[in-house]
């Protein structure tokens, strides 16, 4: 076959391999999804558009599609929300797809999620009003584009690790997320780490790892 | 001579030309300073080190040297602090030379200055405690390195224009101020404009222009 | 709802929040516009295409669409042109959308605007012929792509702050506005500040702030 | 004073503020260290050279200097190694200062550390021989310069979060750590997050946060 | 004619010129292909889409189209697989087109190829299981996107030259293959050289040169 | 010997090879200078510091050193100023070394030079006052750092080719001359071409070529 | 009107303004073309697609369209080919549109052109065979993408100025012409100057200027 | 100890590990050199300055120092020049240290070397005169800075693989070797591969691998 599925991983890492649908044909996504489902594990496909979803649904009708998160999921083992809570925060409305990718992934990996959206730093009162959620979070994922300032501010408010996700939201000197990425890497809050631009999935995965290990 | 001093400028622009000492020998700085002083105008030299100061002091003993700001100044006309107040804010201790360059320049240009230093976003309470100063400022200059998030936060708190000065403070992916510069250019607070990295002088000059025009 | 509108802002900052339509569906733009209009404030949506306009017009028939500026506006409070005048200058015909975004925004924020278009530095006599406008302006917005030289030239001619807007006009080594942006940040005219590439809106907003504070 | 120490932080975040000695004079480092020590908390200063150490030792003789890590530390409260273990891994001999900055910081923050040094990917058997350490680690910090490939390889071997620290080791197209940074951000192992180039301190801090929250 | 075919090359270099179809119309590809075929040499066209293939097939019905490799080929002289073996390795499914471009080109140039696909470093056991292939290879081509770590790992395992091909697979900070390219250029395995992003053809060509000279 | 002097060049190109002293020891500069002088041609060495000059003077006492231009020259054939005039213009005092490198080179190549220095665009009247020089110039070299706007302005005023030389003058976002370079490449004046940052020599050489061919 | 045509230019510069059609609607191109034609001057529009050509042809039926060069031209004054010859050289077939933009522009500006196409450095004999053309050229324009090496090679063969035009031909690390641009700026042949990526027009314009001044 | 020497490598790869002296103290270089020598293998240390050489000479008096190549070597096994010949070519005098690093490394690895220095493309006749050497070479290493055009030209002349080494020679837009690196990666000669900037060692190592495998 064209793909060597890493069935091993769930043994080695405690979490299943996840299908990255972006570079694949709907047929390929469908086939890999089917083979992993047949092997009995939970299955996730990220960056899945409607065509991929149609291909999967054909083969596995009881899978679910999370449209805004662009995720196809199948839960076969009991992964109740036994870890957390994790706060998923985003700065503006346009960051929603990335934030949802993080939130849905985390939920599939057994983490309880609390969403705090549209609380960018230009109107700080919106964030400060969320003290309760921030206070009880074991970890925080912060998604922001443009100048990417939100993780630093959140980092100064919580006693928990912050996973910063720069998004490609913005124009001009945002350079497709580069401005936000550099900002987050240089955060003056020392509890901030960073994943790739728009990588909501990776942020959630690493949080699940933290909570399990 | 090697330099065509723009004596015209103070007529044209209402503010005198300012000597940029960085690329010049102490002798050159001294000579230009002397010629401008002789013409009767106020004189400022920025980025002036001790050698430049020695050269000027020899010729114009009543000039002053502002060490942290690296500015040599001479006040000959009555420029009392009739404009303002301007708040000059900086994020960390290392941003002080840039902030002082802005503050001292503004004072020479007749603007009253209130300094608010070391109030970076990782400890937000320090900034929020300065509500009074922020409330009365006609304009705000914000100097910050690393991720450069402070201007966006300040921009959301004040009803005044914010001039953001990225500083070259930081290391690694700060890239000599580039991270802060990009962050500030992409600020989600719409009242923020930006000057060159470490350009405290320019920020103050433009504020003086605003207040006079 | 998907958006936390910052109704607070007009109290805090003296100017209403502005809808950035680019990343939103027509339906979302329509709904936010409607809710802000219902709250009684003036409403602006920038980067609005015809689809967004159709959605808004359906709900608020007396709103206006400024096609070249890509702005939808609704005036509900008396904001006569009581500030200014502001000169909005652009270098070439292709910079017009950005210049109009600045000019229309400024007018909605109560600033009187004088437009000076297609006066790039390759034919300097066209700019020099506008001495009157330059002479009476309290502030100047200069939009230019390619090498972005116009703000420096204008900066040397006026006794007012210059807000430079780099545009993405050009090709090759223009790198989508980067060449103009870097040029403007390094202006040898000290009364120049800079906003993001193509950000006519931000330039106008900061000018309105200046004139009010 | 020139610095607003964030004494608050240890309440808010559960961990004390840490002095970044790089941009400060020895006198400033000494004074801040003294004030924090007097306040009764544990104190750390990173990027401290011998001059800073001399200044601190004068005031607080029972502080310690970790030369390779460039850290000055003072332990006043009982922070036994109650969390962990954390594996700190580095690729080559030249990455040692960064790895030590991470390891020493973690130890001060109460985390037990196991060091695995000089196990770069060009000789994989050296890493594979460390299966025991990798197997018991709750978290792993991986420091690597040049192509920065080590975190991806480690990430595939452990069921724990990996904090990747790009180092500025290398020459030519390493561009001061940029190559390693980009590599780590694009890791195909989803349990990898990234901090700034050479930021061993930040990696350790975030791990301590994870283990405590 | 619009093109000066370098018929000379096969004399000078021992290998025929190869048509780069990307910037050409189907007609141009067809015509050049026809002229080279008529001159009696083997002919290859890379980056050929279906339209180019249609144009060639019209004129030379016995040519072949390798769809995944996007190569049109015509074998007229006996170039049996007399050199090698060459191992062509790729990290993930999305790197397949580039790997196939390398593999098919090499086969046309008389090199025996062994394909080892989807063995990225996040699941190292997949690569380590290929010891036999690696052991007998005279040269190895490694195609990888994202962080581009695979060539360094392979380089440490084989006693043969490794030609690394960065691919444009990835998103965000992958910057279209730049991250992989920089990683490969900084490989700590000294037997690694690099060709342009996505240049599977060039990698194969240089290997054929090595084996013949 | 370590160098293959291209004695041929003066036959082929009509102008002698020129020694680039920057990467060479004083001894090497001296020896090459001596061998070229012995061959009877005019000799130039650029980027020559005092040590190089001492080494040459030892061997060829009648050579000359142009300190500000950092050029050592020896005139052996009659190269009166029979071409031109060429105007060499610079924006600020700090651009002088580059402008002098251009002017002195041109003079050695037989071109008459008129110098117009310190006429940056922030004070346009200084340039406009030079109408006579601009009017009679057959070619113009314009050296400018920071935003590099001067060549565009000059280009619009003269009916002659403009060779733009970006200089590394500036700080922060000047990025060592990159801002000026990009600006000049995107000039809206179509009679502008560009040479490398700080390459006054190349600009003069190409002008000499133009005038002779 | 939306455009201030610089009718002045042909007096000032000896050559007419040229319409840059890229950012304009067909209607705008048509109208400006018509107004300039009515004023009696020669007219050129570059970057003109078929739609622009249709709009112009409607109004000025005797204008001509040069498809490969993407130029619309109208000759009204006697500009016979009285200058030159100019050699226009390109490296590969894909550089043809840029080379033709240069050649056609030059011809309209009264310069005789000799075309030498598809003579890239990988097959040097093709270029060396053109000794005659190179020998009689008063100036040379060299268009090349990818590594952009051709201008350096040509520069070493001719006693004339070389205008290098980097093209956006290539992929991967060609970065849209950046690799060629940087290569040309660093040419070791001192008679090379550079214009913007793909700017065949500018190269021709500057050559016409040279020949006339 | 601080270093895990990969003694294995010479078994695995057929060639010994090589010490990279740049980031190490003279003592460390001395100690590693000694331990490897004691193990009986040939030993090489690259990027070794005089201090490192003194430290090694103390311990291993019969080692040799190649000053221009900055290499310390010790031959203990019979590695006569049994492979090759390899041509090592460089463009200019300033590229000599990199070319020598390649040549000396190759000789230690048993490869016969022919040096062809100072044959840059601006004077092509110098290279063309070396037809014999080029004709018999089994592989060619080409070192060039500035525009890095030489490998493409050489690549078109030889029927052998070309390893291109960009050097950091140049200034301004050479950006420390970046221009040459990009040029070489985009070579239109398909037999060219590339190593890191200034990495003469790596180029030689890969050639030795080719010849042995």
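Order of writing sets the chain letters: A, B, C, D, E, F, G and H. Residues in each chain are counted from 1.
We take it that contacts are C-beta pairs under 8 Å (C-beta built on N, C-alpha and C of every residue); 3 or more make two chains touch, one makes a residue touch a chain.
Being a predicted model, the structure only gives us computed values, none of them experimental.
Visitor: Touching both chain C and chain F, which chains are there?
Guide: Output, common partners of chain C and chain F: B, G.
Visitor: What's the minimum number of touch steps needed to get from chain C to chain H?
Guide: Step count on the best path from chain C to chain H: 2.
Visitor: Taking CA centroids for every chain, report which one is farthest away from chain C.
Guide: H
Visitor: Pick out the pair in E-H, F-H or C-F whose interface repeats that of E-G, meaning over half of the contact pairs match by residue number.
Guide: Same contacts by residue number as E-G, out of E-H, F-H or C-F: F-H.
Visitor: How many degrees of rotation map chain A onto its copy chain F on CA atoms, rounded to the nearest 5?
Guide: Angle of rotation between the two copies: 180 degrees.
Visitor: In whole angstrom, what separates the CA-based centres of chain D and chain G?
Guide: Computed value for the inter-centroid distance: 57 Å.
Visitor: Just how far, in Å, is the C-alpha centre of chain C from the one of chain A?
Guide: 36
Visitor: With chain centres taken as the means of their Cα atoms, state the distance from chain C to chain D in Å.
Guide: The computed centroid separation for chain C versus chain D comes out at 46 Å.
Visitor: If you look at chain G, which of its residues touch at least two other chains?
Guide: 92, 122-123, 156-157, 172-174, 178, 181, 185-186, 190, 196-197
Visitor: If two chains touch, include that pair; go through all of them.
Guide: Here the touching chain pairs work out to A-B, A-C, A-D, A-E, B-C, B-D, B-F, C-F, C-G, D-E, D-H, E-G, E-H, F-G, F-H, G-H.
Visitor: Considering the complex alone, what residue numbers of chain E touch chain H?
Guide: 12-15, 18, 137-139, 156-161, 163, 181, 185-186, 190-196, 201-203, 205-206, 209-210, 212-213
Visitor: Quick one: which bits of chain D touch chain B in the complex? Just the residue numbers, please.
Guide: The touching residues are 2-4, 6, 8-9, 22-24, 28, 166, 168, 176-178, 181, 196-199.
Visitor: Considering the complex alone, what residue numbers of chain H touch chain G?
Guide: Residue list for chain H touching chain G: 91-92, 120-124, 146-149, 152-153, 155-157, 170, 172-175, 178-180, 182-190.
Visitor: Which residues of chain C touch chain G in their complex?
Guide: 93-94, 96, 117-119, 122-123, 125-126, 169, 171-174
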